[in-house]
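Residue numbering begins at 1 within each chain, and the chains themselves are lettered A, B, C and D in the order written.
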């Protein structure tokens, strides 16, 4: 099946290239990007086959897209208009951008500080983690892949809230991401010397993934992101109020185990692993316990921000959209040690 | 003034050696340790003067201590008995261990899983961050330096709670430490390949610094620690419920600024820095804001876990105990970039 | 085809597991190891399929091997005896250990400081980089995979020497490896704090890969290894005397390009890349120039020490031994960024 | 004594600020820079005293310099003209730039690809490592501090060549530097994700520190630099041909030990340490052996590229220029672990 990548030059786009290069069904027929158009794919992503390496990055042009499915990996404000055109041409869309993740225009405008590029599309996309919207994806025309921090958080928190183990009250999320999350542009933030050998909180005043978490979980959320000195991986630690005194470690683990019992990419453990165990893969590992002295559930979640947090998650959902096994093309992508 | 280091061979002990090597008043006359006794200081700490490098590490023997002040950096369960003997000989003690940090024996036993080595000493030490117990330190015979995570947390949270800006309800603390916090022993946990290129939560079931935080802050605390791929530094992110709707970013920063206005080692900023800015130093940098959509104060704190988190904090307090300027020997220890 | 891994628990063994998990022809039927026998594979290597993750590590027993091919990844002195037994049972062997890499017993004894475990086997194995011994591998009963530093070096240097561009005189090799090269045991050397944020030379008195380089290149070699603060990857820089003044950058690149024109895993470039470009893969990237002011060729080579430097190289050669395409199971294993 | 820093905003300038902040004799009265003029010092260098942190960075203006000594840390081509003006005003200069390191204009032009900015000054500066030009520094008007790689190399190699242990033939230098060596500008080269988790050779065609090494050592040199995933530190490995068969490990160590017997910053060891042992300091640690099978001396040298490789070396030499103890202000600057 022919697919196209719109926004192929950033880290998420590069990961899409790496993954699609091995996918047995999706055939990437074009790679478009604003940045680095004209360069060959092999200049951005090492280790590709010669054929793929020689393919050029083309300028973005939705009217040139001749494919059944498009992966869009564009900055906020850029995908809305492009999706409008792709939809007009009957192309189904997996959108890794932020434009269609929130249904409410005012909320979008407040968090992104700008007019929405395609307000008529708000609410038209399936929104949520693939494991939570499997059925909807089968018929979805547009899927808005959640933000990386959102996926890590919602995977752990949503089953606990939905099962009634957590009270519908404030959830505190502290998460740390590797530097690929800060983008491929060379900035003061991504200079090695400013990142290495330390860690920092950022976006103290509010990170744009917050309204997504609130929307998908249906509870108040406080989210503080951090930047760590490594390339890939998110570790999210989520503190939720217990619903009542009967909730214990076993019951939270049971709920998570049941929620993901048949999910090939989500594992539930007693002890949280390092993000390096999921590096390069579409896997998520959850752990949870109850701190009964203070009445909270503490759940942890690790994913690769480019894998389950973005490009591989996108391919998983695309698999579900087109009706093939959700693991197609996604096995054996991790690296260890 | 003659001082002795008991427990000189671990990372905290090594940092004590590094700092005392330059202290203008404290004269380290002996270095004792269980581990590595017989080795020269220069084998553990590079860059010492020849004189200091040649000094041997002696076995621990409190009766051999001929000094006015002792720094103890020993595992829990080990310092209690030694402090008893040091006190009997009139030696004042700065204790970096856990034995005298909690006043309640049952609490200690529950968290440390063992009988307390010197229960008669419980409650006899001054406990708390130097900035908060300056007066008490002047006459203290024993000061129990808080745990590294505790110092980071309490510096930011205590003024906010004491000033009534935060409600006396659950405080959520997520913090990340560098690998020196995991000790100098070669273990699976400290193997480079298990630590590098990732981050992990640990002690999900409860970390021993939790009861210290609860005791010093006087509120319920949930604390989850994380291990990051770098050597030195703690970043703590603390979420506290606001007391009422009048509390805003300005008021929390004002309280922090007033609390530390004359403190040479604590700085209050709008934006949290990387831990690398305090690396090697006794500095702490705090930032705070109010998330009024969900009614919480979010405060952040960065310290060096071996500096303000342990050895340099110890020397700062020792300065106060003996009545010299608290900055003596502690300036210019950081490294940047 | 049934294969067995003898020595599955170290980093090389773990990489063999990762790679064989995806190989379309080789079916790993047993995993043996001295260390960690009894543990499940999933405890060592994350992200395996459930089936593979549940497989136990068995104690080493060559008589229990029922397979056509064995991969041995054992410390020096341990594989010789096991290969003797495997050969007696008609099992072909890919040996990642050091026992059969040198043909001369006295040389082996001098560098390894011990009696050889199976001197009658010396000289019986095919020795060399897969690209250089393709023909011999087709009928080889035992292939001794070169050491990681050796493969990096010989790939770049051998074509230049064989083509007569470099004089048969002293070659200087300085190379740096990631920490997986130092083994999975927790030691002072592999403690994060001793490795991170710095680099060191080691084995100044002579590294055991030196006689392999001398033997495969047929020239005097000085080799100094270094340890760098990252997990995977070797960068080797090789300085060779030019044969005469006609040798220039173009001629050395031509020789390398011709030598590897049909090799799927070796690329020749003008500018040396970071080892991170080959991380997780079986790829090697070579670059070379001539410094005509001082009359030397400078060639560089980057590989992944666990990939082309060990386990993936082993699978490539095994592919050639059994007559399937050498790339089988080896594509798409790298991770980027 | 009043001093000025011209070029205070790069990493070398920042390290000068850090060091001068503690110097007991040098009083920095102005900080000038092209970049970042107008910003406060505290925005660039954390942990300064309040007084120093508030000092502005001023535009570069040599006529505004009212000081006895100037430290210049400017890109090549920029310091020549400024030194001309400073000399005209009687200011002594410690130049960390490249303009006066080579005596020959043609050589300078060939390596720097440009006309020299002040050819009349060529040959007028004292050139060399402080330990090697102590006497000349006492009366020097201008000292050209060698490049970081040069200092690491020459410290180890020069005594061996001067003592006749090494033949005056090709010396091969491979060295690896931390990322501070690549400058404070955000570029593709310094993006965390391009540097972390790997190592690369660069400047294969020739690095500008090569002619300095050739000039200071008086022998042919091949030098290949590498970039490593850490912030500070250079490890240089130097392979020199032995003069004759009587040269052994003891004789080379003796020569080095004698050369630096009274030097407070240079240590000679049997085993090369990690660069992290000298991080933040002005120290150099040398090790050396003889590989008699191939007739070479292998010497290693570790320094901090910003410390002994630049700013601290500059201050050491400035101490010698003004006749105070060379260690003034340079002790206790390192950080460990």
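Heads up, the rule we're going with is that a contact is a pair of C-beta atoms (placed from the backbone, for glycine too) under 8 Å apart; a residue touches a chain by one contact, two chains touch by 3 or more.
To keep track of the chains, here are their UniProt names: A, B, C, D = N-acetyl-gamma-glutamyl-phosphate reductase.
These numbers were taken from a predicted model, which means no experiment stands behind them.
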item	value
Taking each chain's C-alpha mean as its centre, the one farthest from subunit C	B
Between A-D and B-D, the pair joined by more C-beta contacts	B-D
Length of the line joining the C-alpha centres of subunit B and subunit D, rounded to whole Å	37
Whole-Å separation of chain centres (CA-atom averages), subunit A against subunit D	46
For subunit A, residues contacting two or more additional chains	11, 180, 184, 193, 195-197, 229-232, 273, 277, 279, 337
Of subunit D, residues touching subunit A in the complex	11, 179-180, 184, 186-188, 190-193, 195-197, 229-231
Interfacial residue positions of subunit D with respect to subunit B in the complex	11, 14-15, 18, 21-22, 45-47, 49, 180, 184, 196-197, 231-232, 273, 277-281, 283, 306, 331-337
Residue numbers on subunit A that touch subunit B, as the complex places them	170, 172, 174, 176, 193-202, 204-206, 220-222, 224, 226, 228-233, 235, 237, 239, 271-277, 279, 287-289, 291, 293-296, 298, 300, 302, 337
